[in-house]
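Next come two complexes built around chain A: one with chain B, the other with chain C.
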Partner chain A sequence: MPLTKQAPTRQAITLKGSTNLVTEFFKFAANTILFQRGVYPADDFHMVKKYGQTVLVTQDLALENYLDKILKQVNTWLLTGSVTQLVLAIISKDSRTTLERWVFDVNLIEPPADSSEPAPAKPEAEIQAEIRNILKQIVSTVTFLPVIDQPTVFNILAYTSESADIPADEWVDTDPLAIEASKSQQVKLRSFSTDVHRIEAMVAYRYEG
Partner chain B sequence: MSYLPKTPSRHRSRSETKTPLTPSLATGLNSLSTALPGQSSPTKFKADVSINPFLMSQPPARRATSRPVSPIKRTTSGAIQVSESLQRQANSGVVRKGGVESRLDVITRDYVPPKPEKRSKSQPTRDPRDRFITTRDTTDDVAATLDMMSLNPRSASPGHTARLAAAAGVPLNRRVLAYHEPPPASSSDPLLAQAREHVRPLYARPGALPTSTSTTTSKGRKIATLPERVLDAPGMVDDFYLNLVAWSSLNVLAVALAESTYLWRADTGEVLQMGEAPEGSYIASVDFSNDGQFLGVGVGTGAVELWDVETHTKLRTMAGHSSQVACLSWHQHTLTSGCGDGSIWHHDVRVARHKVGELMGHQGEVCGLKWRSDGELLASGGNDNVVNVWDGRVGDVASRTRSSARWTKRNHTAAVKAIAWCPWQPSLLASGGGTSDATVHIWNTTTGARLHSLVTPSQVTSIQWSPHRKEFMTTHGYPTNALMIHAYPSMERIVEIRDAHDSRVLWSALGPNGDVVCTGAGDENLKFWRLWEVPKAKKGKEVKESSRMGTGSTSSGILSIR
Partner chain C sequence: MPEPQLSAAKRHQRTQAFTSHMASASLERQLVAAQTAKTDLETKLREKDLIIERLEGDRRWLAEREQEEREEKERERTEREEEKRKSDGELRSLRASMLNLEEQHENLKDEHSSLTRSTSQTLGSQKSHISTLTRQVFLLEEELAEYRHIAEERSHAYEELQAQLDHLNASQDSSIQQETDEESWAVVRAELHRQAEYMRTLETSNAKMNAELVMFRERQAKIEVLKEQKRGLERKVKEADELREQVGRLEAELEAARREREEWASNNAGPSTPSKTPVSITQSLANLRITHARLLEEHGSNVAVLRRREAELANSEKRCTELEESLTGLQAEVRSYRTKVARSEHDAILAEREASFLRAMVASFTAEEASQNGVRIEEATVQQVQQLEQLVADYRSTVKELEKELDALGGNSRSLNGAQAMKQLQDDIAKDQKALFEIQQTLKESENENEKYIEKIDELEQTLFELRGEIGGGRHLPPGVRVLSLKDNPAQQWEDLSQAAMERLKGENEALIKRLKELEDSGARGQGDGGSNEELVPRKSWEVVNKEKARLEEELKQKEKRLMRLQQIFHAKSAEFREAIASILGVKLAFYPNGQVRVTSQFDLNAAFVFQPTGAGEDGMKMQLVAQGEGGPEDLPQLMRYWVEQEQCIPGFLASITLQCYENDKIEREREQGRPY
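Moving on, here comes the complex of A and B:
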C-alpha cells in the first residue's frame, strides 16, 4: 500500500510512544493540580515550557521522586494495557475526608480489525493541543471548585485489572476514597486521544451546598 | 396498597426491565422464576388480599423457594460477567447520583424474607414498612447479608454484586491500588520553609498590610499620632539587642549614645553628659533604680557600673561578666544584669562582693529583663526564643548558687526582647518576639498559662502597659516601624501609628506619670508620644502625691521646656 503517502518525518505513533505521551501528560496534569489546588506551597513550583505553554512543575526533590516512581509503574501498566483509570485524590490532612477526585479514564482504542490500512496517524500538534486544553481547563477549574482552606495531602490511585502485574510491597489495595454521592458534584473535563489511548478527565468535588 | 410495591417479585421484574442485564444474569433470573412455581402468582395472590397478605397462611414449602436469591442457597454461577454499563458504573469511583438510591432499594428489598407464619399470626397489624428489619430471622439472614456484602462473586448474585459495587464505588474485577508510601510532606525541605518564613516580613509592605491608611483609631478616643516632642540623639546605636533608654521616677531620661550617657531632665529640658564607657567600649544598657537616684549602666566589656544621678559620679564598677551586658533591671538594692553569654546575675550594690546570685537558663543572649514591681518575680527573654520567669527571692542565696527558672516558655520563634509586667494585675506578663515571630504572648505567671496571643505585622521591640487603662503599647520594627496600642483582654487594636520613626523603633520608656512614652530608634531621634491621659479624678491625688514626693509631672515638664 502507499507507504510513500505517510509523512516521512514522523511515523505513526506506536504503543510505546503513546504510553510515554500519556505518562508525561499525567506528570504535568498532577503537577498542575497540586499547584492549583494548593496541596504544596507555590514556592515549591517552577515554570517549565511544555506543550507550548508554561506549566508549573514541582522542584521539591522528594515529591518529584515520588511522582516519578508512581508514573514509572503507570507506564509499565499502560504498556500492558492493565490500567483503566488513574485517580488523584485530594484529602484533608486533618479529617482524612476526600475533598476532590481527579479522575482520568484510560481507554485503549481498538484498531478496526478488518481494515488493512491503518487509520491516518493523528498529528502530534493536534494531540498537544488537546493536552494543552485539558491543562488549561484544570487551571480554570479553580474558578468553580470550592476554596480549600485546610491543609491537604494527595493520593494517587490506579485502577488496574485483576491480572495486572503488581510489584509486591510497592502497591497495595486500597479504599477508592470516594466522595459520598449526596455530597459530590462532578464536572467532566476535556479529553485527549492518541492513536492508541484515549484519556478522559473528570473532577468530582465535595460540595455540601 | 402501600405494601405492594415492596414485594420482591415485583421489584425483580422491574429491575429486569429497567437495566438490561447480562445473559447470564437473565438466565439466572429465569431459573429463579422456574424455581418459583408461578413467579407472578404470589404477587397476584397478595394483590388480591387487600388487607394484609401475611394474614393468609402460606404453604411451608414457599418459604424455602421464595428465598432463592440468598447467596447461601445459590450454589451455581461461577465467575460472573457483568454488563458493560454496570462495569462502567462500577469503575467510576464516584457513586452516581440518582441511580444509586434506587439500586440500593432494589438490593435491600430483594432480600426481604417472607414472613414466617407464626409471627405474622402473632403480630398481624405490624406496619409493613419496617417489616424486613424487624421480622428478620436471626442467624441465617444475617449470615446471608454479610455474605452478600463481601462481594464474593462466587457466592453472591452477579446483579447484586454489580449494583453493590456500583453503590460502594468499588469496581468489579478491578483492583484499586495505591502506592505503599504516602506522598512527602509539603515542608519536605525545612531549610526552604525556614527561609520562606524569614523573608515573610520583608514582603509585607506597608501598603500590603491590612490597613491602607497610616493611622487607624478606634471610635471615640483621639490619640495624637504625631509626637509631642522630638529630640535629636546623634550616635544612637541601631542595635536590637541593646537597651539604651530609661526614664526615672524623678522624671529624668537617660540615653546612651555610643560610648557616653546623657541625662535629660524632662521638667527643665536640661541635658548633661553623665559619663563615658571605658576606652574602646560602648554602653549597652541603662536602667534607673526604683527611686531614680542611681543609674545602672551595662558596658560592652561586661562591666556593670553604678552612677549617682545627683552628683554625676560613678560610684562603683561591678565586673565579672564575660561579654556585653545588654539589659539591666533594678529591684531595690539588687541590680540584675543579663549578659551576652546567657547568664543573669544579681548584684547587691551595697556590698563589696556584689554578685549574690546567678541564673542560668538561656542558651542565647539575654535581651529582655524585667523585675516585677513587688520583686517577687523576674522575667527574662533571650535570643534563644525562650521566656523565663524566676523566683525573685535572692537575699539568702549564696553567691555560688545557681537556681533554675520557675517556668520556661518556648512559644516564641524569635528573640524575646520585649518584656513587660502589668502594673494593675501583677500576674500578667507580656512578651513579644522578634522578626520571624512578631507575636505578643500574654502569660499568667501564677499558673504559667498563655492567656492571649496577638500576631503583629512586624517584630516586637518593646511593650509598655498603661498604668491607667486596660491597654498596652507595642513598638515595632521593619516594615511598619510602628507604635501600636492594644486593648487588653480583647487584644483589639486601638491605634496604630505607622512610620513613627524612620527606622525600626527599638526602645521605649514610660514616663513617671504613665501618660507619655518616649521611643528611641536607629534614626537617631527620641520621640515623645502622649498616648494616654492621666484620669482626671485621680489626677489631683496623684499630683499632690507626686509633689509631696518631690517628683514633677511629665506633662507639665515637657510643656514648660523652652
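Moving on, here comes the complex of A and C:
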C-alpha cells in the first residue's frame, strides 16, 4: 500500500492527499493501540520515526498483511466518503466479551456555502502536531484504562453507508461487538483535522467497578 | 088507476105550489128586507161618504198645514245654517281675537311685571334718595339755623354798625361834610365786602365742619368702645391704686417695723450704729420708688397702646366705610344685571308664546280647512311647515347642547387647539412609552429564552456525549450504516483455531471410546459374563440408540407397505391402460424391462413387431422396428418399405397392418362360418 506522503507544498490538501494522511494515521494508531494494550507481544514491534517521534510498528507479517488489506479498502472508502467510523475492538479470548472499543469518527468537512474564497489551508506541520498529540494521548490512556490480564484478540470494524461498494468475498456484515451499557465507560480523546476530513477519537471500555 | 096518480100529482103540485108560494113569499120578504137593508146601507154609505169628504177636507187642510210647516222648517233650517255659519265665522274671528287679546294680555302682564319691578326699583332708589335728601335737608336746615343765627348776629352787628354809622353820620353831619360821608361809605363797603367774604369762608368751613362732624360722630361710637376699654383700664388702675394703698400701708408697716427695730437697735446696740437703720429704710424707699416709677411707666405704655388702638380703630372704620360703599355699588350692579336677565327671559318667553300662538293659529286654520273644504293642496305646505318647525326645534336643542358644552369647557375654548395638540403629544408619548415597555419586556423574555436555550444546549451537549458513548460502545447503530469486518480477521482466526481444536478433541474422544470398547471386550472375556455390558456402553446412550432403531424400523415398515400399495395400483393402472389401447387401437402392448415394446395385432396374433426406443430425440422418443413375427399380411414387405423406410411413420404402418389383419380375420371367419353349412 503506497503510504507515500503527498507533497504538502501546495496551499490546499487534495481529497486524495487527505485520505492518505488519514489512512496512515489509522495504521500508526492501530499499531500503537495493539502495542500499548498488549494484544501482541512487545517483541513483535520495532520502532519507527514518524510524526517527529518514535512509533512502534508490528513486525508480524500476518498482522501487517491484515492491516494493509483493511487500510487499502478504507482508503478507497474514504475517497468515496462512504466510511463513517472505524472501530478497533479488543476482545477477551476466553469469555469473548469486548473489553475496549477504540472509535475513530470520520467526518467530512463541508466547504462553506459561499466558497468564493477557499479557506486558508491548514499547514501540514499543524496536522502532524495534532496527530502526534492523539498518539501521545493513546499512549497515556494506559494510566486510566483497566489493566488487561487475560489473553486478548482484536478486530477492526468499519461503519460504512449502505450504498458503499463492498468486495463481497472479503468483507462481511458482523456484530458491532458492543459493550453492555451498565459496564461501559467512555473517554473522548483529541481530534485532528485536515482540510477535508476531521477525525474524532474516543475510547469506550468495559469497567466492572 | 089514474085517480090516485092524479091526486098524488095534484097533491104534489099543490104542495109544490105552496112551497113555491111560500118560497116566493119568503123571497119577497127577503127582497123587502134586502131593499130595506140596501137603503139603510145606502144611507150609511152616504153618511160615510160625507164623513170621508169631511175627513178628506180635514186631511187636505192638514196636509196644507204640514207643507207650510215643512217649508217653514226648511226656511228656518236654512236660516239657522246661515246663522250657524255666521256664528262659526264669528267664533273663529272671536277666537283669533281672543288669542290676540290673550297675547296682548300676556304682553301687558309682562310689561306690568316689568313695570312693577322697575317701579319698585325706582321706588327703592327714590326712597333711598329721599332719605338722603331728608338727611341733607336736615343738615341744610341745621345749617340754615346756624346761618340764621349768624345772620342775626350779622344783622345785629350791622344794626350796631348802622347805629354807629348813624352816630357817626350825626357826628359827621356836624363836623365833616358829604365828602367824608363818601369816604366812610367806601370804608363801609369795603368792610361789607370783607364781611361777605368772611361769610363765604365761614360757609365753606361750615360745610367742612359738618362733614367732619359726621365723621366725628361715627368716631364717637368707636370712642365709646374705647372708653369702655378705658374704663376697664381705669378699673385696673383703681386696682393698682388699691395696690398702691396697700403698698403705702405696707410702707407704713415697714416704717413702724423700722421704728420698732430702731427702738430695738437703740435699745440693744446703743448709739453705736445710729445711721444704719435709716439707710435701709431709704434703700427700701428707693426700691419702692423705683417700682412706682416702673408702674407709672407701665401706665404710660398702656396709654400709648390705647392711643395706637384708637388709631387702628379709626383706620378700620375707614376701611369699613369704603367696603360698604363698594358693596352698595356692587349691589346696584347686581340689581341692574338681574333686571337685564329678567328682561331677556321675558323676551324669550314672549318669543315662545308667539311661536305657540302661531302654531295654534296654523292648527286652527288647518282644522277649519279640513272641516270645510276637505282635502286641500295646502296640506303639503303645512306638512312642510311642520317639518321646518321640527327642524328648527332640533337645531335649537343642538345649539343649547353646544352652548352647554361650551360652558362646561369654560374659557379654555381658545386654547383648545393647543390643548388638543398637547394631548395628542402626550398620548403619543404614552404610546411610545408603552411600546418601549413592551419591547423591553420582550427583550427580557427573549433573554430569558436565550438563557433557557443555553441551558438546553448544555443539556443537549451532555446527551450528545452520552449518545456518542452509546455509539462508541457499539450499542447503537445509526440508521443506514453497515458494520463490516474483514472475513479473515484475527478474531475469526482465533475462533477457527478453537473450532479446529474442538474437532481434534472429538476425534480423540472417539478413538478413546474405541479403545475403551476394546478394553471392555477384553474385560468381558476375562469376567465371562455379559453383566458388564452396562459399564462398557452407557445405558443411556444404548437406550437412545434402541429407541431410534425402533422408530426407524417402524418407519421402514410403513414405507414398505406404501410401496406395495403403489405397486398394486401401478399394475392395475397399467392393465387398464393396455386394455384401453387394445380396444381403441386394436393392438396389444407388452413392455419389456429393457425398454423394448412388443406390439401384437388383435386380429392376427402372429403379426407381432418389437420396437426399441432410440434415445431421447428432439421430438420425443423414436421407435425403431427391430423384429417381426412370422405372421402378418402378404404384402407386409411392401408396407414396411413404404411406411417405415419411405415415410418413417410407424403409426401409419401399424394402422395399415391393423386394417389388413382385420380384413384377413374377417374373411377367415366368414370362411369358417360358411364351412358347416
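Throughout what follows, the second predicted complex is superposed on the first by the 199 of 209 C-alpha atoms of A that agree within 3 Å, B and C clash if a C-alpha of one lies under 4 Å from a C-alpha of the other, contacts with A are read in each partner's own complex, and residues count from 1 in each chain.
The rule is simple: contacts are C-beta pairs under 8 Å (C-beta built on N, C-alpha and C of every residue); 3 or more make two chains touch, one makes a residue touch a chain.
Quick caveat, the model's predicted, so the values are computed rather than measured.
Participant: Could you check whether chain B and chain C clash or fit when both are placed on chain A?
Facilitator: Chain B and chain C clash in the superposed model.
Participant: Examine A:A30 and indicate which partner it touches, taking first as chain B and second as chain C; both and neither are also allowed.
Facilitator: It touches nothing on chain B or chain C.
Participant: Looking at A:A164, would you say it contacts chain B, chain C, both, or neither? Reply first, second, both or neither.
Facilitator: It touches chain B and chain C both.
Participant: Check the residue A:I199 against both partner chains and state whether it touches chain B (first), chain C (second), both, or neither.
Facilitator: neither
Participant: Tell me which partner A:L99 touches in the superposition: chain B (first), chain C (second), both or neither.
Facilitator: neither
Participant: Could you tell me if A:K188 is touching chain B, chain C, both of them or neither one (first, second, both, neither)?
Facilitator: After superposition on chain A, A:K188 lies in contact with chain C alone.
Participant: Check whether A:D175 is in contact with chain B, with chain C, with both or with neither, and answer first, second, both or neither.
Facilitator: In the superposition, A:D175 contacts both chain B and chain C.
Participant: Applying the stated clash rule to the superposed structures, which of 260-268, 440-448, 476-484 or 530-538 from chain C runs into chain B?
Facilitator: 476-484
Participant: For chain A, which residues belong to both interfaces, chain B and chain C?
Facilitator: Touching chain B and chain C on chain A: residues 63, 66, 69-70, 73, 84-85, 87, 101, 103, 153-162, 164, 166, 169-181, 184, 186, 202, 204.
Participant: Once bound in the complex, which stretches of chain A touch chain B?
Facilitator: Touch list, chain A to chain B: 39-41, 43-44, 60-63, 66, 69-70, 73, 84-85, 87, 101, 103, 105, 151, 153-162, 164, 166, 169-182, 184, 186, 202, 204.
Participant: Spell out the part of chain B that touches chain A in their complex, as residue ranges.
Facilitator: Answer in residue numbers: 91-97, 100, 168-171, 173-184, 186-189, 192-193, 196.
Participant: For chain A, which residues are in contact with chain C within the complex?
Facilitator: Counting only chain A, the residues touching chain C are 63, 66, 69-70, 73, 84-85, 87, 89, 91, 93, 98, 101, 103, 153-162, 164, 166, 169-181, 184, 186, 188, 202-204.
Participant: Mind listing the chain C positions that touch chain A in their complex?
Facilitator: By the definition above, chain C touches chain A via 465, 468-475, 477-478, 480-492, 494.
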